[in-house]
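Data first, discussion second: the structure below is written as structure tokens.
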Amino acid sequence: MKLSASDIYQSVEEIRAKSPLIHNITNYVVMNNTANALLAIGASPVMIHAEEEVEDMAAIASALVINIGTISPSWVRGMFKASAKAVSKGVPVVIDPVGAGATPYRTGTVRDLIRAGRPTIIRGNASEILALTDDRLKTKGVDSTAASDEALHAAQSIADASQCAVCVSGAVDYIVEGKRLVKVANGHPMMPKVTGLGCTASALCGAFAAVDQDPLTAAAKAMAVMGIAGEIAAEQSSGPGSLQMHFIDALYRLAKEDIERRLKVEG
Amino acid sequence: MKLSASDIYQSVEEIRAKSPLIHNITNYVVMNNTANALLAIGASPVMIHAEEEVEDMAAIASALVINIGTISPSWVRGMFKASAKAVSKGVPVVIDPVGAGATPYRTGTVRDLIRAGRPTIIRGNASEILALTDDRLKTKGVDSTAASDEALHAAQSIADASQCAVCVSGAVDYIVEGKRLVKVANGHPMMPKVTGLGCTASALCGAFAAVDQDPLTAAAKAMAVMGIAGEIAAEQSSGPGSLQMHFIDALYRLAKEDIERRLKVEG
Amino acid sequence: MKLSASDIYQSVEEIRAKSPLIHNITNYVVMNNTANALLAIGASPVMIHAEEEVEDMAAIASALVINIGTISPSWVRGMFKASAKAVSKGVPVVIDPVGAGATPYRTGTVRDLIRAGRPTIIRGNASEILALTDDRLKTKGVDSTAASDEALHAAQSIADASQCAVCVSGAVDYIVEGKRLVKVANGHPMMPKVTGLGCTASALCGAFAAVDQDPLTAAAKAMAVMGIAGEIAAEQSSGPGSLQMHFIDALYRLAKEDIERRLKVEG
């Protein structure tokens, strides 16, 4: 499998044409940026978390994105309900294990979510992916303390156990499913200095999963678009404040030539 | 009735001079932008939702803005308490039915809020306003699937039933009350690509209602200022990321001449 | 005591080198900006509030920042638990009494938090600090209605009673502890037009307290860095929208020369 710029841009065009409804149950920190990133790429975001309505929303969504960044019990109940409904309706589910490993509560919660549901894509940084299988690992907050290749083995076993694609994001992103592996080397070192770009990546995984039924390529396309938009934005930015803004503009203006010129994909 | 640039700018000056306290019970996605927009126009925003204190805050506010974007039962209880207190104190109440029609929970909640309280202004997009009266309508998330004139009849019957002004925002904004109708044609097509500018419009309706006792003209002034600031911002922007930023700057710098030169109002 | 530019920059470098984990239980309005400001200065922010995990997080944090901006009972329970754990582990605690005086609920809650915990630093505007001791004072929302020197006496008595540093921020910031007083006169008049820069100041107090064990100098350094970054940003900005963005870039790029050239500290 060789992911081409044409494949990626075709999915971008499909998102722009169909404007898929992406249902996010995400954290307070990133809601605004996530919604803006989804709008910029052409999707239609909705942020709804209450138990009273998540099933109605997940049922009509084109993808569901669950992010445990700022969980509490009532939100977790909403996540389980939404996930079950999405799975029953064939709606792809993306799970972002933000801060897994930092506390037993979040590690346990996200493992339960993965076991109970049938996620299509799991995306996290290396520490978070490692924490999904390794009980001894202690992460430090939400920032990764490991390089993405260190989590490759863990990613593969989670992908096998859950029959899904797992994306370990970092300087190089590793996306695995079954025996397949794709590496995406786009991005910019200033991106981790903007809060929540990982969460945005998971939301874009949802948008691409809404138009591409192959979880591996959907995730790889999302990571390539993230990285390329980040590169374009970083070239115009004097710090993470302007990067956050230019990133949204770059997603909105993303052209086929940008992808063709910049794409660094392998596998 | 002919709304003039002078009338609008006089209210802007009054907001800047008096800095009215605007109590917002709004959604997680837009809180930051809403607060910044209210500060930029000259108002003093406060975001407080807990049942334990909403009445104390609504009682001393110059306007209350209720937005159901990310509701859950405890927040809804706070909305009812705040609304009742505001009405009893003569504080104008703006209701934003975000995503009405998307799930029975939110449609039912916002209808109850409108019935129980006495809103001064209701502002939504066409789908949301239609969903307030039409049970068969199914909206898609929070983005409108109808043009604003399609909701004109619904807006008029809600305005009559609730004795308030109803604003249907879109490419052209329709504001109705009793037999009166004002159309505002300001704005820019990129504005819906920024999350929550509709929520900001509702918050500005609160700011103008704090200084203008006529709900119809208060809402029309807010929509004109939104649209004009959006036009100014769009001319400087290369995408929705920069539009979000320039919009705040444009509100802050809004001059009488900007309104005189750009105002497109009818009715 | 004379705080020098070198002292301040040394702490900035220490934050950048050690990337201290700052645990924030803060309000919905400012979470994104607060996280971005902490990342920009070099710290590692985490936003976690659930009772189920706050103790695990506070125990491994380098500082805990508690901000009552959008409290509700479940969040307040998390704040008490986190605060007690932090104190027991010797983790410095910063308290931001957002809107104290606006409602009895928030005034009572923050007083209880201060009494029960042992804060290292309390930072608020003049109205908020006055409201911590004066029952008659009624503030208007979250914006100060008093000048910072009017709260100096209150700040000193709170600092004595709680054995902590108290910072009253305003055009001139007053930081007191015991018999010591530092005044910081950096900043720009447009800063209060950006929502939550006070909350950011409290978060930076946490970052500096993580590398400087003297609460007075830690708070003074944070306020100087806030003010200087604000000045740099304001010079590039045409309104509060661009100020919010440039402020993050200025924190990220802050150089020793910026501090040397601009520092206005006394005492």
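In order of appearance the chains are A, B and C, and numbering begins at 1 in each one.
Convention: a contact is a pair of C-beta atoms (placed from the backbone, for glycine too) under 8 Å apart; a residue touches a chain by one contact, two chains touch by 3 or more.
Everything numeric here is computed off the predicted structure, so don't read it as measured data.
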(message) How are the chains arranged in terms of who touches whom: line, ring, star, complete or other?
(response) complete
(request) Have a look at where chain A meets chain C and say same if over half of the interface residue numbers show up on both copies, different if under half do. (result) different
(request) Could you please state the distance in Å, as a whole number, between where the Cα atoms of chain A are centred and where those of chain C are centred? (result) 32
(message) At least two partner chains per residue is the criterion; list those residues in chain A.
(response) 28, 32, 244-245
(message) Give the list of chain A residues in touch with chain C in this complex.
(response) 27-30, 32-33, 69-73, 99, 102-106, 138, 140-143, 192-196, 237-242, 244-245
(request) Provide the residue numbers of chain B that touch chain C in the complex, in ascending order. (result) 19, 21, 23, 28, 31-32, 35-36, 39-40, 44-53, 56-57, 60, 74, 244-253
